[in-house]
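Each of the next two complexes has chain A plus one other chain: chain B in the first, chain C in the second.
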Partner chain A sequence: MAGNQLPGRKMRLPSRTMLTKDRIVTLILFLPSLVLVGYFVYVTIGWNVVVSLSDWKGLTPSYNIVGFDQYTRLFQDPTFFTALKNNLVLILLFVPGSLFLGLFLAILLDLKVRGEGVFRGIYLLPFALSFVVTAVLWAWMYNPSIGVINTLLMKTGLGFLKSGWITDPNVGLYCVVLAIIWQFSGYTMLIFLAGIRSIPESQMMAAEVDGASGFDLYRLVVIPQLKAPALSAFVVLMVFALKAFDFIFVLTDYSDYTYILPLMMFRETFSMNRFSYGAAIATILFLLALVIVVPYLYLSFRREKE
Partner chain B sequence: MVKMVYAVAAAVIITALIVGPAVWYVTRPPPEDVVEIYHWWTSGGEKAAIDALVSVFEDKYPGVFVKQTPVAGGAGYVMKALMKSLVLAGEAPDAFQMHAGYEGKPYFEAEYLEPITDLWVAEGWKDVIPDVVEAMVKFDGEYYSVPVNIHRVNVVWYNKDVLQDHAIDPATLTTWDAFFTACDKLVAEGHTHPIALGDIGKWADTHVLEQIIAGEGIAFYEKWVNGKVTSATDTTLVHALNTFKTYLGYVNPDHAALTWDQATARVITGEAAFNVMGDWANGEFIVPAVGKVYGTDYGTFPTPGTAGMYGLCIDCFQHPAGVAHPANSLNWIRVVGSKEGQDAFNPKKGSIPARTDADITKYGPYQKAAINDFRNATYMYPSVAHGSGAPETFTAELDDIMSAFVTDKDVSAAATALTAATTAASADYTTDWSLD
Partner chain C sequence: MRFPKPRRVTLYILLVFFAFLFLLPLWTCITTSFKPVHDVIYTTPVELPLSPTAEPLITALNIMQRPLLNSFTFTISAMILSCLLGSINGYILTKIRFRGSDTVFLFFSIGIFIPYQAVLVPLVLTMSKLGLFNHIEGLILTHTAYGIPITTLLFRNFYGVIPNSLIMAAKTDGAGTWTIYRRIVLPLSLLPFVVAAVFQFTSIWNDFLFGVALARGSEAQPASVALANLRGTTEFQWNVQMAGTLWYALPVLVIFFVLGKYLMRGYMAGAVKG
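Now for the complex of A and B:
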């Protein structure tokens, strides 16, 4: 409603507490999702925090609050820091990797290549597949004895490059990062391509008239206008990197070199029956996700206001 | 106004979408007569075995449909996690596969299991199931589950052709020293990695260490499972870890990419000579697609130092509290414990029956030998790697410690971590095993 008004013109808004017809309807429409999301998301997050402050161990739920014991233990647990470190490495490599590869692919597609639709489909396909499926595929490719990567290296006389890939503690994490970059680059490509396509043709033509061409055209005109799509893709990638579970669980299981916080949370809870300890890890993960999401929400909220 | 009409219409539709299914749920027809079971038997031989057991049940109780939910993951490490979330949510199936011993303890403590002592008495299982096995399914004097089979864990599988080609007599491999000498010979003659290991899921590392510890003698094993090995400089413990370190010098470098059955397959193809694995591996040799013959193509011997000992890994079913079909659940357990059920399941599974009155003629050549060994065993011991011998928290830690050890081969670090884990879990060591 307010958005329909011309900017700068004063108008009389109904006071905040007044129940207009619109507001009642909005409330009715909003209610089902409010109840479901409220219970299944926010109440459960709160419940998780409560569990993390308890001494629940074993299969009998215990809500005996003992304070921050689990967190104290967590910060003395070397495994926690290994998992945190692996998580950070994953974020630092995976997020920029996916963004740049996606941008690169989007620019390539924007060059009006023949069969654009086909390429777009090919790039996007990995993202449409289940993580479990693609993880199994990568596990086969990376397999040191029968995988295509080592076989290919042997056949082409590059046998000295053979490696244990996901089984080698030194490169295992990077192999995982490579695989998830592959899976997500199609998604970032789509976001960037939509961003590029929304730039008015006239701007490009004007830039061309002014003598910009090729790389300059993208560097000076297109890329600066991709901030918004880049930011939303960034948030999605960050949050995924924090909570990645299925892909890594299938690819490398509980290997120490790819042990990240979600894996640790799951294992502590369901293999070791330390429910409160697992809940503490979940709370830390939640806080980390907030650190990323809240600034984004704030930024986009401010932009909408403007 | 038009907008308003649309909005109300939308609200009505959404409400209908929520109320409709809810009404259906409340008034839905009663569920059909089923018994829902969970297990982790997913490989070829395993599936054939559980299907045979199911058909015994369906013959006895026609009209009851057995709803199987298999969960893949060796030694059940995936299903164990899933089951806890189901049980906590009050969604326990009518029966689920579980290892005997400590693995059932968290369920027992949280009162998710109902005692089936009456059933044990009525069915006469006490008379036909050995005492050590009985002790593994009891908590506080009551019976809580019934074993369907017994797997032996202390087995070395070997490829007969490979040993013959290199003139190695498996009967002489009764000590780790002799075993490693044979490995040296194989390495010198071109078999660079004579021992196959596949440790996806980590438990296969623990499995090997456990057999090495048993090889140090039953007294030390008993001390270990009773949580009494708490000194990182314990000479026997350090000796066992050093043996494991030597062992690792002969294994395939890609072990972290292999599942246990892929490692066993290396012995089948002759790529490797030995594989230490429980006798569920037998199924891999005899499935029709492979078709190997025990005694001709492959053979077994107890892991060095464990002659006369029978390491136990036992699968059980139990009667969870408050299940959807309690009568069917009890009938399922009845079939699981019956002679008929065990003699249908075990020949295909590669294990031996938990009952001593089984019909031995139904079993293959490996199992005949195993049944014989079982009846003549001097000592039996519960497996730690498979959840029976030690508390679950300790076992999970042990898997981590062993997986790290396989990479860094640091004996003193492993001994320190291992004894620290034992001390940390000391309150959980509630069973006092008496093995000798």
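Now for the complex of A and C:
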């Protein structure tokens, strides 16, 4: 979100000289979007909160408002804490993992590499794919009997490293983390590479004259200037780690060891028909996302205004 | 900056090593799609098939045909609608402006980041009430509505750099909001339309959550849901599963190879996924 208005050139409608007809045209053009976003984002979020305060089980058409019952139940439900814990583990490993691998790849590509475009394309490709695609691909990679990883380990004499991977409760969650790092680090690479390229060449040269070279140059000059891209990538990764559903749902279904809040929400709502309970989990997810997103939007908005 | 020779060799070894890791799942998907059952068992996944066959691809296409067609229908419709609306919004928010237009934009932006779980229950209820549950039209409406925030952001970024003097001049000549949009802004919009269209196509095509919540197991079922089901019904037929994956991923792969640089611009504009 680049600042794009020059100071002092802000345009304003001369309110009295404009035809009213023109204002009506503007309103008509804007109305569909206002209605759609207003309804599908804001009314539905509000409605979801209302449902979460009710005793509604699907299939019965009516419900009563019962207050915070669903939430009290939620905080006594051990599966809620399992899901929350798994969500946290996911965030703590996946977010820094993707940031570091992305940064590393961006630095590699910045070293005047031949065929940079090809490598960049290869690293970014997984990010363009649907989570359903990558989930099926990784199910194949991790398959214990004839999957890619175990077969390759056998063939290269590393058979002792064989594992049940995604089917093993002890490592299943880490297998998920690894796969989504694979999918997202191309994205963080792209964001970091753009950030590195926006640092003026003269600064790099000055640092080289001062004797900085190799990875020192990146540690001392480049990385400290990547705060803005790191922040926006961080927010995107955090929000994803909260709501990640498709990938895990397709890969491991509702297994305990990869059970996270979005899966719990979906299961309670659509398999168990506990609409109000599902809505309460959804509300908690929404609040967690707000805590991350609102300060970020506020900051980038202020930066744009300056 | 250049590293001395031996270190450059290490650099390329690293780059190729990572390229191998990033391509491995996709490569084994392609090879396995062309393997008869015998080859799946007796060759390693990275090897080419001994006796290549199109059988798995045909089997998978027979199962996925209708869902793929569904996905094309709602993806293209919702892509066009959300891009048109996003373009108009971007124009109004940068060039017309009104009191509170920044606040409106902020409210739109929040729509980019919300976890869709937070709207899922009311969304299903709404679609049932409208009679659009299990219908393609329901998916078009849903994807259009949730696409507006991001397309608005993309177009707003682009329109910000159209000089205001251009708009002012037209205004002095008596051109109204719509005329200025049609005659000045729209003709300058080819690039943002390509970026937004490519971005919207891939994210709508790739969606699973809305598809599974709104059209599971129906005539309107999207390809993403069909592929997830295929995984359940063909548990040990890896070649058919991989072939189905390939069919479903194909449109996105084509876009990535042909229009990848526009997709990257979309990603860099603060894009999100999921």
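Methods note: the second predicted complex is superposed on the first by the 265 of 306 C-alpha atoms of A that agree within 3 Å, B and C clash if a C-alpha of one lies under 4 Å from a C-alpha of the other, contacts with A are read in each partner's own complex, and residues count from 1 in each chain.
Simple rule for what comes next: a contact is a pair of C-beta atoms (placed from the backbone, for glycine too) under 8 Å apart; a residue touches a chain by one contact, two chains touch by 3 or more.
Bear in mind the structure is a predicted one, so any value in this text is a computation, not a measurement.
*Asks:* Put chain B and chain C onto chain A via the superposition and say whether they clash or fit.
*Replies:* Aligned on chain A, chain B and chain C clash with each other.
*Asks:* A:L297 in the overlay: touching chain B, chain C, both, or neither? Say first, second, both or neither.
*Replies:* So A:L297 only meets chain C here.
*Asks:* Who does A:Y254 touch here: chain B (first), chain C (second), both, or neither?
*Replies:* So A:Y254 only meets chain B here.
*Asks:* For A:T20, using the defined touch cut-off, is the partner it touches chain B, chain C, both, or neither? Pick first, second, both or neither.
*Replies:* It touches nothing on chain B or chain C.
*Asks:* I'd like to know which partner A:Q203 touches here: chain B for first, chain C for second, both or neither.
*Replies:* A:Q203 sits against neither chain B nor chain C.
*Asks:* Between chain B and chain C, whom does A:P32 touch in the aligned arrangement: first, second, both, or neither?
*Replies:* A:P32: touches chain B and chain C.
*Asks:* If you stack the two complexes on chain A, which partner ends up touching A:L137: first (chain B), second (chain C), both, or neither?
*Replies:* In the superposed model, A:L137 contacts chain C only, not chain B.
*Asks:* Considering only the touch criterion stated at the top, classify A:A194 as touching first (chain B), second (chain C), both, or neither.
*Replies:* Touch status of A:A194: second partner only.
*Asks:* Which partner, chain B or chain C, touches the larger number of chain A residues?
*Replies:* When the residues of chain A touched by each partner are counted, C comes out ahead.
*Asks:* Where does A:T72 make contact in the superposed view: on chain B (first), on chain C (second), on both, or on neither?
*Replies:* neither
*Asks:* Once chain A of both complexes is superposed, is A:S271 in touch with chain B (first), chain C (second), both, or neither?
*Replies:* So A:S271 only meets chain B here.
*Asks:* Between 6-14, 114-122, 348-356 or 384-392, which chain B stretch has C-alpha clashes with chain C?
*Replies:* For chain B, the listed stretch overlapping chain C after superposition is 6-14.
*Asks:* Using the superposition on chain A as set up above, list the residues of chain A that contact both chain B and chain C.
*Replies:* Common interface on chain A, chain B vs chain C: 21, 25, 29, 32, 139, 143, 266, 270.
*Asks:* Okay, in this complex, where on chain A does chain B touch?
*Replies:* 21, 25, 28-29, 32, 58-61, 79, 139, 142-145, 164-167, 169, 253-256, 266-267, 270-274
*Asks:* Which residues of chain B touch chain A in their complex?
*Replies:* 4, 7-8, 10-11, 14-15, 18, 77, 80-82, 84-85, 87-88, 106-107, 109-112, 200-202, 252-257, 392-393, 396-397, 399-400, 403-404, 407
*Asks:* So in the complex, the part of chain A that touches chain C is made up of which residues?
*Replies:* 1-2, 4-5, 9, 11-13, 19, 21-22, 25-26, 29-30, 32-34, 36-37, 39-45, 47-48, 51, 105, 108-109, 111-113, 119, 121-141, 143, 146-148, 151-152, 155, 182, 186-187, 190-191, 194, 204, 208, 213-214, 217, 232, 235-236, 239-240, 242-246, 249-250, 262, 265-266, 269-270, 275, 278-279, 281-283, 285-286, 289, 293-294, 297, 301
*Asks:* Within their complex, state which residues of chain C touch chain A.
*Replies:* 1-3, 7, 11-12, 14-15, 18-19, 21-26, 28-29, 32, 40-41, 44-46, 85, 88-89, 92, 94-98, 102, 104, 106-111, 113-123, 125-126, 142, 144-146, 148-149, 152-153, 157, 160-161, 164, 167-168, 176-178, 181, 202, 205-209, 213, 224, 227-228, 231, 238, 241-242, 244-245, 248-249, 252-253, 255-256, 260, 263-264, 267-274
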